[in-house]
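There are two complexes below, and they share chain A, which is joined by chain B in the first and by chain C in the second.
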Partner chain A sequence: MHDRSGWRRWLGIELVLTLLLCMELGIFSRTATNFWTAQNFFEVLRLSVEIGLLAVAMTPVILTGGIDLSVGSLLGLCAICFGKLWRDAGLPPLVAGIATIGLGVGLGSLNGVLVTRLRLPPLIVTLGSFSLFRGFAEAITKGVDNFTNFPASFLFLGQGYLFGVIPAQLPVFMLVALAVWLLVHRTVIGRGLRAMGYSPEGALYAGLPVSSRLMWVYGLAGGVSALSALVYVAHVGQAKADAGTGYELLAITAVVLGGTSIFGGKGSVHGTLLGLAVLVVMKNGLILSDQPGELVGIVTGVLLLTVLSGELLMKFLSRKSEVRRRERLLKTR
Partner chain B sequence: MNNALLELRSISKAFQGVVALREVSFDLRPGELHALLGENGAGKSTLIKIITGAHAPDSGEIWVDGQWVKGLDPRKAHRLGVAAIYQQPALFPDLSVAENFALALEPPSPFRRVRWALRREQASQLLRRVGARIDPDTFVSELSMPEQQLVEIAKALGAGARVLIMDEPTASLTREEVGTLLGLIRVLKAEGVGIIYISHRLPEIFEVADRITVLRDGASVGTFAAGDLDESELIRRMVGRALTSEYPPALSEPGEIRLEARGLGCARWGVPEVSFQVRSGEIVGLSGLVGAGRTELARVLFGITPADSGQILVEGREVRIQSPRDAVDAGICYLPEDRRRHGVVLEMSLASNISLAVHRKLFPRGWIRDGAERELACKLIGDLAVKCSNGEALAGDLSGGNQQKVAMARWLAAGPRVLLLDEPTQGVDVGAKGEIHRLIRSLTNQGMAVLMISSDLPELLGLSDRILVMRGGCLVSEFGRGEATSDGVMAAALGKGGVEL
Partner chain C sequence: MGLWLAAPDFFKARQLLSLATATSPVLVAAMGVSMVILCRQIDISIGSQFALCSVFVGLAAQRGGGPGELLALAMGVGGLMGAVNGALVAGVGLPSIVVTLATMVTWRESLRWWREGEFVRDLPETFQWFGAAQSSGQWMVIGAGVSVLGGMVWFTQFCSGGRFIYAVGSDPEAARLAGIRPRMVTFLVFVAAGAFTGLAASLNAVRFTDVDPKTGTGLEMQAIAAVVVGGVAVSGGRGRVLGVFAGVLLLACIGPGLVFLNLPPQWERAIQGGIILLAVASDGFSARTGHRNAISGGKHHA
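Coming up: the complex of A and B.
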């Protein structure tokens, strides 16, 4: 996308994050007990799937210059609806799960409708549905009901292991991440999303179907939130109305940390994955190093600010080397 | 040269190793209008930014009132009486005129009361000085473009500006409004204000300039007294070569009807009912004052604001246009007036920009194929002679004329039946302007139908095969190739008896 050649292409947020990740691994392998084990590695992955799904689906939304604050609440609502469909309507988990995902797509698209038809800012629309979805979840359960005793075949999705070591939800996450990566980076839809993020009117004047593409991304975010709800329920073994509280902010943090511009246009899905990795490894490492839980929030804040200023430094270095290259060219002529 | 208001001595500036200005000297005397000319990318903007303190020169000296000013920054420049007025007025649209003045003119100190009565009084005084009949309590968003410009000038004068920089001040003005502005400029000159004037419109420069400095490729070609040069001489110095025949002729008679509007209207956007035809191989010029509904008509045809009555026919078949996508599918493409906001996506590469409207044609399966995209971009960049390093360059890094070519390339890739062009050469330098004219003509010679909106009368008269004039949302006159004169077209645009806006 950008006019950067050779190694300069790699001077960017991805390199900053990779270095940071290596640093975390280096530090925690000394300070934390049981950090550097295959078991812990997969445990970290298992813990990051729910947030990871939300972050991956949030990336295209933010690329369009929008935001979706409702994904955490939608996770809660979908968890409750899944429980309701399975326990009270007596549907088998598979059917209930598919229906739940359909519901997620529908409610996500509702965000999309409000954004495109009423031309309200996504921040306002999803701030509204953030309260609305959580409110529905609480209304359905009257604030007390919760759903447990799911069959083992369903719980396997969140607690089981494939080949004895790989958490069962990991392939699900990888599939979704790959699909969204392809969508964002290799298809005309992704290209259109970027154009809309950089210049909403420019995209419209180029004849892109701006409204339907927006419906798409908000619908996708809703569907993936529902999937994340299923993984969550299977993981913790119960569905309560407060499931996923605050997840939307963690997901947005991972996306922004991964170098996606909050103004839209610039960003990548692999950046989001790296951002997510830096966050979850830090959290896990701090806990295993017997550090107080409050430290997680502080370090997250510091990380976000350093990484974003680190990116500026990289840009500066890249520009300097570009200048030197041009000067050398001038001399040889 | 002790009486110079402002003097630049051997200014050089490079950006990232690319030389933007090379040993440029320039001076401005009190009461003088000094025009700064050059093609886009010649270094005019850089020089202006150095005078306003936005950029520091790499070498060279800046003297104001015979004093060497070191480390000029925007605040210092403001204090020394340097003010710049750009093409797009930099006012706060949701504040009143008086409030805008207060913000610019109140000495910045916290917790100080703004004396509104005094401000309003001062505002109306300044507005009178520039000859504007504007109530200081009007919101800026309610003012027309020329009125906003007057407010800007008044604001600059209120701040004690003695060096006034005007960057393309007439780009979006009609001929009458230009006349008013030039009148004001004469008054300011008589008051001893020095004016640095940038414009691509040469006739107007000869009308008001005392001296002219020409920049080419970052170096000064020379400073001339305005009387010593004529237009062609000036163009030759700007582009470094003589330009051949300005407007290429049509090679064939117009063919079948490509685009027809029957009673087309969109009440909400001030297009009551318009009927016209554009034939294959024909350039139809659309004239009218700013606000006459020309752009609004184009936006209806392109589906940005869909029509609520009437019909659009492309090659005799009625088409329903509810969105730009419908328009593109029907073969109608629109080159918008606001290039930077609508015409190209500045942050994206040339190749991405060019392929943006032809995704479905170029990538039928929906997967981006870099090879096909690069091939298309290379071909069009070559055909249109876009000056750039390669297709991976960002559109925002190109000059205005080259951005416009990229915007054109996008639509040529789409293979339209009808091209709507809205001010295709606005803010484009002389060299690129000629290239764009030749491009438009060669398209119609291959059978394209073109509807061209233009406020540039010579261009409209020179290039169009037929001219339609709009006034108040309606088509009011039509001129054939032989019949159109600038006076006739202007009179039609203004209405009988030359009623002013």
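Coming up: the complex of A and C.
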């Protein structure tokens, strides 16, 4: 494996993304109106919480070499179920919310069961549940039902401010991100997840409980998607069957942009957060600069390809210089 | 399939004819995707390619292009977009799911920026059904779909080029040692998938009198689902084109089948997802219990 010690350690994707972010901030502070204000800063954070939650939960999944295409659909289904539990079953929002998160964990674990027990590729399993969850959401609402008029105490989670400036959902997001960061980077379990991504066989022979760990990872993704659904509903103020359409792709984009290898084994949660920041700042800045919204998608796609190609190129160059260094060492001996 | 015996009306000839016409483009697109998946790659950008090709076909028809020119243009544009994917995957070495995720967003948003969601209208009379009557036009579309299917069966089973795809999909390194150029094969497979998508787009476009720029949204998921239900392994190198055909038919029958059984059509997506999971799960079960004798496991259970 490539040894990343000393200054080389920082010559990675994180540096590229930080520079990119600074560049964006520099450009948009000139072109965009009201970009460089505290209000806009918190507004950007508020808008990024739903995608951010999905992206943070997606990171461990991709670290194990898997993928979860179903998180956007699960968000939609959980939003509907929450609305159903609150309005039709008459539960208070807190109880309904906890039940919804339980449902999310359960449905996420369903993915996990199919991946681990039947040894099916995660891409296919979650492609199936992508249709299944969205389909259930459409079937439950018959395509038209829409849940609104949530109590103000619940809407506070998505629209309120703490101390007058901090969006209420921000602490929730930071707590989840911190928890996942600790899990991935500071625990034995997190190290095991990388091992599984590098080599599932090797991890198994090293004595890791691969199946149960995978179950937990997919269950976690499901639970966080449900939490994201609650934040979404509180933010938008309504729950419809098409909630979160396409969010899975945005979340995967943030994770991959953040330097997590799609084949697993390599990546970080702070990388994901940086990737997310690059994406949402770009979106916000382009819109405030009066650019068409379509440009956001185009730039996202091009950015994703450029950053990844750049990373490959950098790896190639550093390997070359490493070879040259060793050759020089051999000659001097 | 026995389910639909309960609704005899479903098998009325005209109903089947229009269903087959609507399914032909999906079949052609699924053929392209099945090649990509056989090669151990994936392409989720075909929905966007489809939309872009449709708009190009519509614009060319407005300027008076004949059917042959339209087909050539659509396949050329599709092939070009496929070449972009292929170059990035085979040339640069990026993972195909990331590359096609990026191109999917890029093409779709470029199209929206360019056309601003506007339909291509005022197409000449000769555009719909290639200028033929509706019934013969329908048969033309179905005929094109079936001949593509036949060509693909022949190509994947009996041509060295087709076997190269299987070889690269099972083990690129072994294929390289056997004298195949895996990168070239991968590149060409993406180009072919793009060209097939272009063909599918033009077959789809001639069914209507105008071109919707949002057409093809979700086509990639439909096509991949059909390929997987048809028993092609996403790990590459395993599966059959005829299985994909069965997968396309099965998934296409759900929507109309629900209508004929008087069930709410909102269940279509859920049933589709259920069938995908069931098909791959039964595949997984048969693999575990060791009763895997045929290449395609999924379709027998459907």
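Everything below uses one rule, namely that the second predicted complex is superposed on the first by the 309 of 333 C-alpha atoms of A that agree within 3 Å, B and C clash if a C-alpha of one lies under 4 Å from a C-alpha of the other, contacts with A are read in each partner's own complex, and residues count from 1 in each chain.
Heads up, the rule we're going with is that a contact is a pair of C-beta atoms (placed from the backbone, for glycine too) under 8 Å apart; a residue touches a chain by one contact, two chains touch by 3 or more.
As the structure is a computational prediction, the values presented were derived from the model and not from experiment.
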Query = Once the shared chain is lined up, is A:V95 touching chain B (first), chain C (second), both, or neither of them?
reply = neither
Message = So in the superposed three-chain picture, is A:P209 touching just chain B, just chain C, both, or none of them (first/second/both/neither)?
response = first
Query = In the superposed arrangement, which partner chain does A:L132 touch: chain B (first), chain C (second), both, or neither?
reply = second
Key: Touching partner for A:V302 - first (chain B), second (chain C), both, neither   = second
Ask   = Which holds for A:C22: it touches chain B only (first), chain C only (second), both, or neither?
value = neither
Message = For A:L114, using the defined touch cut-off, is the partner it touches chain B, chain C, both, or neither? Pick first, second, both or neither.
response = second
Request  = Quick one: name whichever of chain B and chain C touches more residues of chain A.
outcome  = C
Task = Would you sort A:L249 into first (chain B), second (chain C), both or neither based on which partner it touches?
result = second
Message = Quick check for you: in the superposed arrangement, does A:E201 touch first (chain B), second (chain C), both or neither?
response = first
Query = Following superposition on chain A, which residues of chain A contact chain B and also contact chain C?
reply = none
Query = Okay, in this complex, where on chain C does chain A touch?
reply = 42, 88, 92-95, 97-99, 101-106, 108-110, 112-113, 221, 224-225, 228, 234-235, 264, 266-274, 276-277, 280-281, 283-285, 287-288
Request  = Report the residues of chain B in contact with chain A in the complex, numbered from low to high.
outcome  = 16-18, 302, 304, 323-325, 327-328, 334, 336, 341-349, 352, 356-357, 359-360, 363, 366-368, 389, 392-394, 397, 410, 414
Task = State the interface residues of chain A toward chain B in the complex, per the touch definition above.
result = 1-3, 186-192, 194-195, 198-199, 201-209, 265-266, 319, 322-323, 326-327, 330
Remark   = So, in the complex, the side of chain A touching chain C is made of residues 67, 114, 118-121, 123-125, 127-136, 138-139, 141-143, 249, 252-253, 256, 262-263, 292, 294-298, 300-302, 304-305, 308-309, 312
